[in-house]
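As written, the chain order gives the labels A, B, C and D, with residue 1 at the start of each chain.
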Amino acid sequence: MSEHGDVHVSPNSTYFGVFFALCVLTVVTAWVAFYDFGPFNDLVALGIAFTKASLVVLFFMHVKYSGRLVKLIVIASLVWLGIMFGLTIIDYVSREAVTPDPAVVPSPYETFEPKSLSGDGDHGGDAAH
Amino acid sequence: MSAHTDTYDPKVNYLNTDWSIKSWLLTLDHKRIAWLYLVSISGFFVLGGIFALLIRLELLTPQGDLLSPDGYNRVFTQHGVLMIFLFLIPSIPAVLGNFLVPLMCGAIDVAFPRLNLASWYIYTIGGILIVIALITGGVDTGWTFYTPLSSTYANSQVMFVALGVFIAGFSSILTGLNFLVTIHTMRAPGLTWGRLPLFLWGTYATSLINVLGTPVVAITIGLVGAERTLGLGIFDPALGGDPVLFQHLFWFYSHPAVYIMILPAFGVISELISAFSRKRVFGYSFIAASSVGIAVLGFIVWAHHLFTTGMSVYAATVFSALTMLIAVPTAVKMINWTTTMYQGAVKWDTPMLYAVGFLGLFLIGGLTGVMLATLGIDIHVHDTYFVVAHFHYVMVGGAIMGFLGGLHFWWPKMTGRLYPESFSKVSAVLIFVGFNATFFPQFILGYMGMPRRYHAYPEEFQVLNIFSTAGASILGVGYLLPLVYFTWSIVAGKKAPENPWGAMGLEWRIPSPPPTENFVKEPVITDAYDYEHEILKEQIEEIARDEAAAVPSTA
Amino acid sequence: MSTHADSALAHHFESFEQQRTAASLGMWLFLAQELMFFGGLFTCYLIYRSLNSLDFAIASSELDITLGGINTAVLITSSLTMALGVKAAQLAKKNQLIGYLLATILLACCFLVIKYFEYAAKFEHHTVPGQHFEFHVPPDLIEKFELGPERLVQMEKRAEIFFSVYFAMTGLHGLHVLIGIGIAIWLLFPASRGKFNMDYHAPVENFGLYWHFVDLVWIFLFPLLYLLGRNIHA
Amino acid sequence: MIELIKGYLPNILDNLPLLPEQASTIAAEVDLLTLAWTAISFVSGTIVVAVALYFGIRYRRRYATQVGGHETHAPAVEIVSMLIPFVACMAMFVWGTKVFVDMRRIPPDAVEYFAFGKQWMWKIQHPNGLREINDFTIPVDTPIKLTMTSEDVIHSFFIPAFRVKQDVLPGRYTTMWFEATELGEFHLFCAEYCGSEHSYMGGTVTVLSQEDYQDFLNQESPERGSPVSGGRELFTSLACVTCHQEADNARGPSLRGVYGREVQLASGTSVVVDDAYLRESIVNPRAKMRSGYMPLMPTFEGQVTEEQLHDLVSYIKTLDNTNDVAANDDDSSDDSHDSETATSVSAGG
């Protein structure tokens, strides 16, 4: 693993530069959060977060100067996270919602307390008599 | 390593170098840690086996008269938890893996020996917590901990077991991490990736799953615990939480976990078939690549456990197709193992019996797996005994056959003793027959519609259940035998030579049992399966002489 | 023990380089594991927010953006001191290393103290999930989004999910900060004995990686939990 | 002893069917798919095992120093071993998905029924409001759409003879459909593990001819029974039994023999259990909490009528140490269990 042979030492200016950039981006992200960009709200916030994260990973964590294996681990773990997010969400975005007519069937949980379902019917107690 | 040559005493090996209890409990030697694991998982296997026995006895009659419903629920849950989290997942990686990974790498030890010992302690703490749960009332959620049953409704020791599983999970994460680093950085000079024994490829793929998958189940089970104790409501349907999300997260790990159990077994089988055919394994690079391929594919198929939950039809279709892709690398392995025997010099010793038995059983397990991935069939057989039979074929017929095969193969190396070949052959046949008698009827039961986790069942299912229970008793005897003759062999077995099988591989070129430092002289790195190599010639001839001496010629 | 009494090179390694590579690889794999560990929670957040984005936006406006912002700054600063600390260890500058470690510990404590005040406020306002959970949608928002009584009941339940996710994520993150403080204190001992140099500084370097990871998680938690949906008041 | 064992062993030949009855339109489709897969598996499995055994015997080791040959890679073998399973799987995937889509595509003319799962019973509501518990009576040759939800944990509605199964989730509706083709009685199971009495959570699907089904719908609702039997039914259907169990770790106190006894309250005082205390505890459970229990019980105020309240109290009064708490006993036989939980049909809504 010769790519790890020499230890990389960054100059202090790099660290302070990154720190300064992180501070600025934090202020920016907090400030823009109060403005409405329509469908891009999440993208802006996450874009800034990704930029900040990349700065930390590349410079504070020295990935920019690390060997291929470390870079591979970083990329692979992000890909795996992507698999977990991506394949879970495809279920949720494509589920057909079943919402029966509340006049026909008592709705569970949401607007009725759960026990009311069992309470009213089976004995024809309050409803029928 | 050469530095140790001058102090080497051939009578001292890793087992007899120090007899004190402390030297075992505080050992950093990967070979001794393998023993710590072997003893602990055997204990949990026996315990899990007793629960299995109770399940089969209960199901002998349709009425559910041996155990109360709650008692039965506890028994099958505990069977599952013990067998999966405390036996199967650590079995091959932690026992054979710990013993063999450094040996096969030509290294003195794993990369992080202290972490390795810590992993065993973490595993033990997890195990103790689960045992405490068993003693103080048991757990009845099923090993899958589905919410909201586990988070809100269950009335048993869910917290202890959840905590135990959570903690034991970190043991397998750390073991996986250790092996990955070891295989990457500790290989002897000249041991290139293309020369790696296939057992290491299997272990490598397994470790990938351990590191990337296990944390997800840990946090998921952690959330269930938080829901029970702290009142967090992440999966609570009363708040609009989705219990199916729990299942997604749970199976994100627990499906790959099946490959944690089976991939190392694949590695073992590759070694066994090659060694007993004395032939380079067929299509080496395809078997190696398919291990990693299965590990990766294993992560994108989890939702096939959710087809009946009311998940999206489109997502179900995607997952069904992805699942079927796993048939391809698996078939590659099957075919290559078979063709390895072509023009080989096949000897039917006990480990080979296990290997061929594995081939047959895993074939059934794998093919029914693809049937289950077929949407139209899965809807009917999901959560029935068909599924139970399928995963037992994979986990018992696959993983345990692989584990036992490997244990028989490397036992002379681990202990320096030979086990009685006749007994071991009998037990291998008993296990094969008993296993099929136990689980094949369950395929039919499942298709007939008998749901799993049933404590009482309609009468028409009884005949097949009787077959199954009868088979289980044969299987039980089959599993008891190795326990007896292995223990006996440690005390009174014949001394094992360096290489009793005439196998290739670095571990067969050091004394049995190995010295603490593994390699007394710099290991000569060769191709792992070059059976015509000079190095092997002398050893094979020695075996031939021994055999000729043992069997008086009748010709 | 596997380490020789006076050498920092464990006996099963051939060279410092091999040892350092192994340590760094091990740490990165551990971080991959950590990422998946938090990933489970992020998946919960992702699913629930995509299903209930308005509910989450309204619930998140309960959080104190100032305290969250200050905490972000505190963690970023601690990341800087840690990065400088690793450099000091590499260059065998003993006193600098101790100073930076102490600064990191101090900032981490500061983070936890602020977190404590945030949590205390939640307990006071009954926005802690569980039996006593209570959440009331601000009247101006009821009007703005024309929320009917049924939708309000639903929203209060979804708010409990939001706060469950909030406490799970920040709680786990806080636990990591706490563990980090413990490790940093433990590192002070070898640091004060001047054990670290160009050849052997893996413990400090790996702790640095861990600490940056903790910072990274917060970099995402801050916008996801505190910021997204702030503009509903606009 | 032998007699006992004989009693347990049914006639083997009568009881060894290999396929469940095909009683729905989808059943034959599923069976055909399964048989096709079984055939493919059998052929390919047999080939692999036969070849392995042949190689193992044909190339067995003849002398102790023998080593194997050089045939260690053949691209053709690899290509074939990848291509055949890939093609077979994709073909079966398409077929299997087609069957699945048939299962999921609900015919527009399907009649909508409702099913509610709860620990541990199925409650069915017919389109006209008629309700059944654990029995599901349907007309033959009619597409039936079932909309389902659960009141507690996840259950799964499974009719093997129809080859259909659908999980029933709390907080959400799921649907399934089927069309029965055969008259008769079929098993209804809960396939998703749901707690203590999971194996007993099921019943019978009765398929009637169109005329018989009409007769069934038109039948009179049964007369109201005695207060005690009414209370017993309520005790089950309101799920009181879920918490008020005999078990040591039950969530609620056992009610067996509680009437007339003095019990400890959480407040430190004690009270004699009489009609008024039982009533108050149902309507306002937290007013006088028993010591040692969590305040988990929901109020039933407004959920039970005065009449029902009276029935419940009457039933609880009869619970002495010889009387069974409904559905909580360790019944060993299926039949007696069913009679415990199944309540009679009555017209509701």
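Throughout what follows, a residue touches a chain if its C-beta (ideal position, glycine included) is under 8 Å from a C-beta of that chain, and two chains touch if they have at least 3 such contacts.
The model shown is predicted, which means the values in this text are computed figures rather than measured ones.
Chemist: Using CA atoms only, can you tell me which chain is the most central one in this structure?
Modeler: B
Chemist: Given the two chain pairs A-B and B-D, which is bridged by the higher number of C-beta pairs in contact?
Modeler: Higher contact count goes to B-D.
Chemist: Just the number, please: Cα centre separation of chain B and chain C in whole Å.
Modeler: Computed value for the inter-centroid distance: 36 Å.
Chemist: Could you tell me the distance, in whole angstrom, between the mean C-alpha positions of chain C and chain D?
Modeler: Distance between chain centres, rounded to whole Å: 44 Å.
Chemist: Where the centres are mean C-alpha positions, what is the separation of chain B from chain D, in Å?
Modeler: Taking the mean C-alpha position of each chain, the two centres sit 33 Å apart.
Chemist: Residues of chain C touching 2+ other chains?
Modeler: Correct list: 18, 21, 25, 29, 32, 36, 39-40, 43, 47, 154.
Chemist: Of all the residues in chain B, which ones touch at least 2 other chains?
Modeler: Answer for chain B, listing residues that touch two or more other chains: 184-185, 212, 216, 237-238, 240-242, 244-245, 248-249, 252, 310, 313.
Chemist: Identify all positions of chain A at which a residue touches two or more other chains, and write them in rising order.
Modeler: Those would be 1, 69, 76-77, 80, 84, 88, 92-93, 109-110, 114.
Chemist: Applying the document's contact rule, which stretches of chain D touch chain B when the two form their complex?
Modeler: 8-10, 12, 15-20, 29-30, 33-34, 37-38, 41, 44-45, 48-49, 51-53, 55-57, 59-74, 77-78, 80-82, 84-86, 88-90, 92-93, 95-101, 103-104, 119, 152-154, 156, 158, 160-161, 163-167, 169-172, 174, 187, 189-200, 247, 249-251, 330, 332-334
Chemist: Which positions of chain B touch chain A when the two form their complex?
Modeler: 184-185, 212, 216, 237-238, 240, 244-245, 248-249, 252, 299-300, 302-303, 306, 310-315, 318-319
Chemist: Which of the residues in chain C come into contact with chain B in the complex?
Modeler: My answer: residues 1-2, 10-12, 18, 21-22, 25-26, 29-30, 32-34, 36-41, 43-44, 47-48, 52, 128-131, 133, 154, 157-158, 160-161, 164-165, 167-168, 172.
Chemist: Would you pull the chain B residues touching chain C in the complex into a rising list?
Modeler: 28, 107-109, 111-115, 173, 177-178, 180-181, 184-186, 211-216, 218-220, 223, 226, 230-234, 236, 238-242, 245, 248-249, 252
Chemist: Quick one: which bits of chain B touch chain D in the complex? Just the residue numbers, please.
Modeler: Listed in rising order, the residues of chain B that touch chain D are 60-65, 68-70, 72-73, 137, 140, 142, 146, 148-149, 152-156, 237-238, 240-244, 277-284, 286, 308-310, 313, 316-317, 320-321, 324-325, 327-328, 330-332, 334-348, 352, 356, 359-360, 363-364, 367-368, 370-371, 373-377, 379-380, 382-384, 444, 447-449, 451-460, 462-464, 466, 529, 531-532, 536, 540-541, 543-544, 547-548.
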